[in-house]
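Okay, got some structures for you below.
Common to both upcoming complexes is chain A, partnered first by chain B, then by chain C.
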Partner chain A sequence: MAAAVDETPGVRSLVLDCPGWPGHLPGQHVDVRLTAEDGYQAQRSYSIATPADGTRLTLTIERIADGEVSPYLADELRPGDGLELRGPIGGWFVWEPALGGPLQLVGGGSGVVPLMAMLRARAAAGADIPARLLLSARSWDEVIYRDELERLGAGGGLEVRFALTRAQPPGWTGYARRIDHDMLGEVAWSPEEMPRSFVCGPTGLVEAATRALVELGHDPATVKAERFGPTGGPG
Partner chain B sequence: MGFVSRGFRGRRRADGPPGRVPPGQYVVTDFPVLSAGPTPDVPLDEWRFTIAGEVDDPVSWSWDEFRALPSERVTKDIHCVTKWSKLDTDWEGVSLDVLLDGVDTAAEYALARSYGGYTTNLPLEDLLDGKAWVAYAFGGAPLEPEHGGPARLLVPHLYFWKSAKWVTGIDLLAADRPGFWENYGYHNYGDPWLEQRYAGD
Partner chain C sequence: MSDDAHVDGNAVGGMMIEAFGAEMTAARSCCAECGTVAALGALLAYTRAPGDVLRCTGCGVVMLVAVARPEGVRLSLGAVRWIEPPAGPPAPAAP
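Presenting the complex of A and B:
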């Protein structure tokens, strides 16, 4: 690990240098394996938060209170420590600028991580591909990448909307409820614009958002989903 | 001993009886939902299950015909490639032995097909001899749509992505053909006890 960045009170990004890293597509994930001195091992999957950049990649870790791996990564790992990871994994929930848009991103909590890799790839390519992000979080202080999202959203071509489900700052003009059908009807691209939709978050949010997008007329085949628990990937 | 994660001890949860949890897995008590797209809405009066491919005559069942077949209640451990295992899960379904009874085929491979377009492949022998079911109930209640209802494949001896949700048929094939996740780098067979997670394992 080269560096760590505190994102929110419960979330830390790990900047890793991985010699021999073969590159990856935004949206892919890695398996992290921890090994104790007696050989005991634990593995979990984490989305990559950054587009391909040589041997450098960033994982963003949400600390799961009763978790086994995330507290170690979020609290214990220090710059200079080694980490075993395998990847990149997954080829379905991916987007790169060459695929074009419009891009419709819907995230909840740390579900923003793979979506952020897509938005950072879009920005790094200088792409003017139209993109919209609807991101749900419990409160303003729990919005991961908040400053960067506001900055990217001010750059043109990307519209960022927030839904704060538990607490809102004074004067809040954004949404103050969970993502639902009506909200997506207001902020999502219309089906005629044929967006590529990516939805990532806890199961309840993903079920609600993907169902709403299909009800709004989007072809289910264009709506890609990644659901967690603490993990991602197939069943 | 190879790499050690400095300061990592692990929680060493009590992971159930010895021999029940494959390497690299941990036990959950909830039932995580993982799928790649929207949950399809499949009305029972439109549901069909069809066995086709390398057969002289495809066979097909409506929901009522399928539910009239002999069924079983089975208790199985299931193992997801994303590392969770769930022990003693309670299913009701129709054995593939029943569905394939009387189907004359020289095929050695099967490709399960689902509503929504999902596919997964496995050797035909892994569907036979009491190893696989088309399950329509979980825990004594109709299978929830997000868990694959109305009916899903249940092949508990392989990683759970092989247990296709929303299954609507099986194509019997002379040659193996990779399914959805198998085309995205996941292992072609997926034995959890051999930790066959990804291609090359």
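Presenting the complex of A and C:
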């Protein structure tokens, strides 16, 4: 690990240098394996948050309180420490600027991570591909990459909308409920614009959002999903 | 068929690389039970059982089970009629 960045109170990004890394596509993930002194192994999948950049990649880790892997990655790992990775993995939930758009991204919590890799790739390519992100979080302080998203959203071509489900700051004008059919009807591209849709988050959110997109007329084959599991994964 | 206990076939991508020697989540598969065609990365994945179970998105039948053993991954075939690799150049995959 080369460096660590605190994103929110419960989320930390790890900047890794991986000699021999073959490159990756936005949306891909890695398996991280930890081995205890007694040989016990635990493995979890984490999305890559950055587009390909030589041997460097960033993982963003949400700390799951009773998890076996994430507390170590989020709290204990220090610059210079090593980590066992397998990857990149995934050829399904991927997007790169050459695939075009419009891009329809829907995320919940740390489900923004692979979507961020796509948006960063879009920005790095200087691509003017129209893109929309609808991101759900419990509160404003728990929005991962908040400042960067606001900056990217101000740059044109990308519209970012937030849904804060538990607490909203004073004067909040965004959504204040979970992502639902009506919300997607308001913010999503219409099916006629043939967007490429990527939905990532806890299973409940992904089920609701993908069902709503299909009800709104989107071809299920254009709606790709990545579920974290019922509570954000086993951690 | 859907419930809260599953994730996506994507999550089993690492095991499939070990079993097939190639990135397989974009490969298409056909259910031998109901004929549904879907990417392996889009199948319903149950990863909390011993072994990772991939079920059909159409009828829920078990299509593949991947079990990590000390000597390597064993992939058991269930109701899978065929699997074909994705069109176009493969995505970067683990060496």
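By definition in this document, the second predicted complex is superposed on the first by the 229 of 235 C-alpha atoms of A that agree within 3 Å, B and C clash if a C-alpha of one lies under 4 Å from a C-alpha of the other, contacts with A are read in each partner's own complex, and residues count from 1 in each chain.
As a convention for this text, a residue touches a chain if its C-beta (ideal position, glycine included) is under 8 Å from a C-beta of that chain, and two chains touch if they have at least 3 such contacts.
As the structure is a prediction and not an experimental result, all values here were calculated from the model.
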item	value
Joint occupancy of chain A by chain B and chain C, clash or fit	clash
First, second, both or neither for A:D81, with chain B first and chain C second	first
Partner chain(s) touched by A:R146 [first = chain B, second = chain C, both, neither]	neither
Chain B versus chain C as contact partner of A:E37, first or second or both or neither	first
Partner chain in contact with A:W92 - chain B first, chain C second, else both or neither	both
Chain B versus chain C as contact partner of A:R122, first or second or both or neither	neither
Which of chain B and chain C A:Y72 touches, first, second, both or neither	first
Touching partner for A:R132 - first (chain B), second (chain C), both, neither	neither
Which of chain B and chain C A:G20 touches, first, second, both or neither	second
Partner, of chain C and chain B, that touches more residues belonging to chain A	B
Which of chain B and chain C A:V214 touches, first, second, both or neither	first
When the two complexes are fitted on chain A, the stretch of chain B hitting chain C, from 39-47, 57-65, 93-101 or 111-119	111-119
Shared chain A surface residues [contacts with chain B and with chain C]	31, 45, 86, 89-93, 203, 207, 224-229, 233-234
For the chain B and chain A complex, residues of the former touching the latter	1-13, 24, 26, 28, 30, 32-40, 80-84, 116-117, 146, 160-161, 163, 165, 180-181, 183-186, 197-198
Contact footprint of chain C on chain A as seen in their complex	20, 22-25, 28-29, 31, 45, 52, 86-94, 203-204, 207, 224-230, 233-234
Contact footprint of chain B on chain A as seen in their complex	31, 34-37, 39-45, 68, 72, 76, 81-84, 86, 89-93, 203, 207, 210-211, 213-214, 220-221, 223-229, 231-235
Residue ranges of chain C touching chain A (in the complex, touch as defined)	2, 4-11, 13-14, 17, 23-27, 39-42, 48, 86, 90-95
